[in-house]
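In the two complexes that follow, subunit A is the common piece, with subunit B as its partner first and subunit C second.
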Partner chain A sequence: MLDLAIGIILGGCALGAGCAMIAGIGPGIGEGNAVAKACEAIGRQPECRSAVTTTMLMGCAVAETTGLYALVIAILLIFVAPGRFVKILLDAVK
Partner chain B sequence: MSKSNTRFKIIDILLLVMTILPPVAGIVLKVLFVPHSDGIEITGAHVFASLDLPLMPLIISEAQINSWLVMIALAFFCLYLTHGIRAHVDTKRAVIAEWIVETIEKLVTENMGEYFRGFAPFICSILALSAFSSLMSLLGLFPPTSDLNVVAGWALLVFFLITYYKMKCGPLHYLKSFGEPVPFLAPLNIISEVATPVSMAFRHYGNILSGTVISVLIAAALQGLTNLIFGNLPGILGQFPFLRIGIPAVLSIYFDVFSGCLQAFIFAMLTMLYIGGAFPLEDYLKKKAAKTEKRLNT
Partner chain C sequence: MGNVDPTVKRETIYIASFVVILSMLMEAVFLIIGKWDYTVLLGNILGAAVAVGNFFFMGITLQKSLQKGDEERSSFVKLSYTYRTLAIVISALVGFLCPVFNGYAVVIPLFFPRIAIFLKPFVDKNYKREEGDNSIVEE
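Right, the complex of A and B next:
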């Protein structure tokens, strides 16, 4: 019975980590849009190349934040959460 | 003349040695004390010691040691660059040092305005510390920036600076800024205020850590692939990781070099933008002018 409970905890953590990374879709679309527009801008005005590139990288980094939140949560779910939840379970069983 | 010249050269060599010594010391420490792990093992920083303090134990980990090593190396490198610098004499290193200072000052005045010119050393040190901390993974050392505690410390420093510059027009002005544009949005404003350091820390840490995780996974996958393909070769050839030569290095160019330098630049850039944006310069100047006028009248 305890094995089953621990198995459910581990499986739940892995599933949660996978679901959390669905958030990667958002930054992907956003950064793609940003780079596409930057390419258009450079095509129109090649002399602004360096300024556009710098701004685009800044924007990409900021747009990436939500994806990184998801990444941090996924990493916590994989490396930190199982041990903690199993410990809580074992304490409760005692 | 020649005596002072030799002395100059000896100090020069000493400074260079002190620049190179910290990374070497880091590698030696890692080889001696960090347990060797094979295969997929993604762990945090190795804890060297923990000191018992009244509130909670102070943990001395690889991240702290490595960031101190970076700081020492950078300090001696700066001493080396400015050693024997004189006005109107263009030696090679003087030109490099001048280029660094001028570039950073230009960047700071462009992004923060003339008032914040004094911020250039701070921004430069954040940039250099962050970039070289991330680049430490090229030497096989634990990059301090992939530990959340280190980056969170920097982000907290930036948060204090932002609050300080917002407070500069008086606490009342600071409190009033939460009630803008409409007073009932105050909770959201407070959340976004707190979210600034959190997002800065998570962005930097997440980028470097994800690079590390992906590198480890790819190295492990390539090891498995080699075992599958070349596993039947006789003797030592069967265990030699052929595919692990060179291929991870290509990824390392993106994940370690490009991503590390980009994140350092972005961290410095966001620091500048947040601090510059937090300071209501016009209100401050108006207030200062009013104060001087009052003092002149009385």
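Right, the complex of A and C next:
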């Protein structure tokens, strides 16, 4: 029974990590759109190239942070959470 | 390095300098809470290098994507994002699995560029918002 509980904890953590990484899809799509729009803007006003590039760079970096949050949550769920949850379970059983 | 856009170079230097400052702050916090050892320093160096490298390669990608065609552009950026995320995942795994690195010290510096961007309007006088306009402009 204890093995089953530990298995459920590990499975749940892995499933949660996988679900968290769904958030990694968004930044890729967002960056692609941002670059497309920035190219349009530079095409319309080539003299604003430097300003548009700076804003695009910063925007893309901000967009990427969302993916990083998801990544960190996933890593914590894989490496840190199972040990803590199993310890809580074993303490409760004792 | 010769064909790097001056904007990319400038912003990377800005981000790198902030990452260094915030890394020192993080080291100080680890010292204060009594958890500092050499693994924190090594983890911090790895995390900071990955954070700055990720930003720099993103800049290079965006610079190159401006010279590409409409259809190619979006997929090029997405591909670059996938590779960079993979690099971050590998570095985070190395940080958590190798005993010479403190996992938390590897992961925390990855968020320093976000803080640097948040502070940019306060630090950079040329990067401000015009009144009544939501666009960020450079003078």
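Quick notes on this structure:
In this text, the second predicted complex is superposed on the first by the 94 of 94 C-alpha atoms of A that agree within 3 Å, B and C clash if a C-alpha of one lies under 4 Å from a C-alpha of the other, contacts with A are read in each partner's own complex, and residues count from 1 in each chain.
The rule we apply is simple: a contact is a pair of C-beta atoms (placed from the backbone, for glycine too) under 8 Å apart; a residue touches a chain by one contact, two chains touch by 3 or more.
Source: prediction; values computed, not measured.
On the superposed subunit A, the two partners subunit B and subunit C do not both fit; they clash.
In the superposed model, A:38 lies in contact with subunit C only, and not with subunit B.
When the two complexes are superposed, the chain touching more residues of subunit A, out of subunit B and subunit C, is C.
In the superposed model, A:61 lies in contact with both subunit B and subunit C. Once chain A of one complex is fitted onto chain A of the other, the partner contacts of A:75 extend to both subunit B and subunit C. When the shared chain is aligned, subunit C comes close enough to touch A:50, but subunit B does not. Contacts of A:9 after superposition on the shared chain: neither subunit B nor subunit C is touched. By the touch criterion defined above, A:27 reaches subunit C but does not reach subunit B. Clashing C-alpha atoms between subunit B and subunit C appear in just one of the listed stretches 43-51, 79-87, 115-123 or 187-195, and that stretch is 43-51. Shared contact residues of subunit A, touching subunit B in one structure and subunit C in the other: 57-58, 61-62, 64-65, 68, 71-72, 75, 79. Only residues 57-58, 61-62, 64-65, 68-69, 71-72, 75, 79 of subunit A touch subunit B when the two sit together in their complex. Those residues of subunit A lying in contact with subunit C across their complex are 24, 27-29, 31-33, 35-36, 38-39, 42, 50-51, 53-58, 60-62, 64-65, 67-68, 71-72, 75, 79.
Considering their complex, residues 5-8, 11, 15, 54-55, 58-59, 62-63, 65-66, 70, 73-75, 77-78, 81-82, 84-85, 88-89, 92-93, 96, 103, 107, 110-111, 113-114, 117, 120, 127, 135-138 of subunit C touch subunit A. Those residues of subunit B that touch subunit A in the shared complex are 42, 199, 202-203, 205-207, 209-210, 213, 262-263, 265-266, 269-270.
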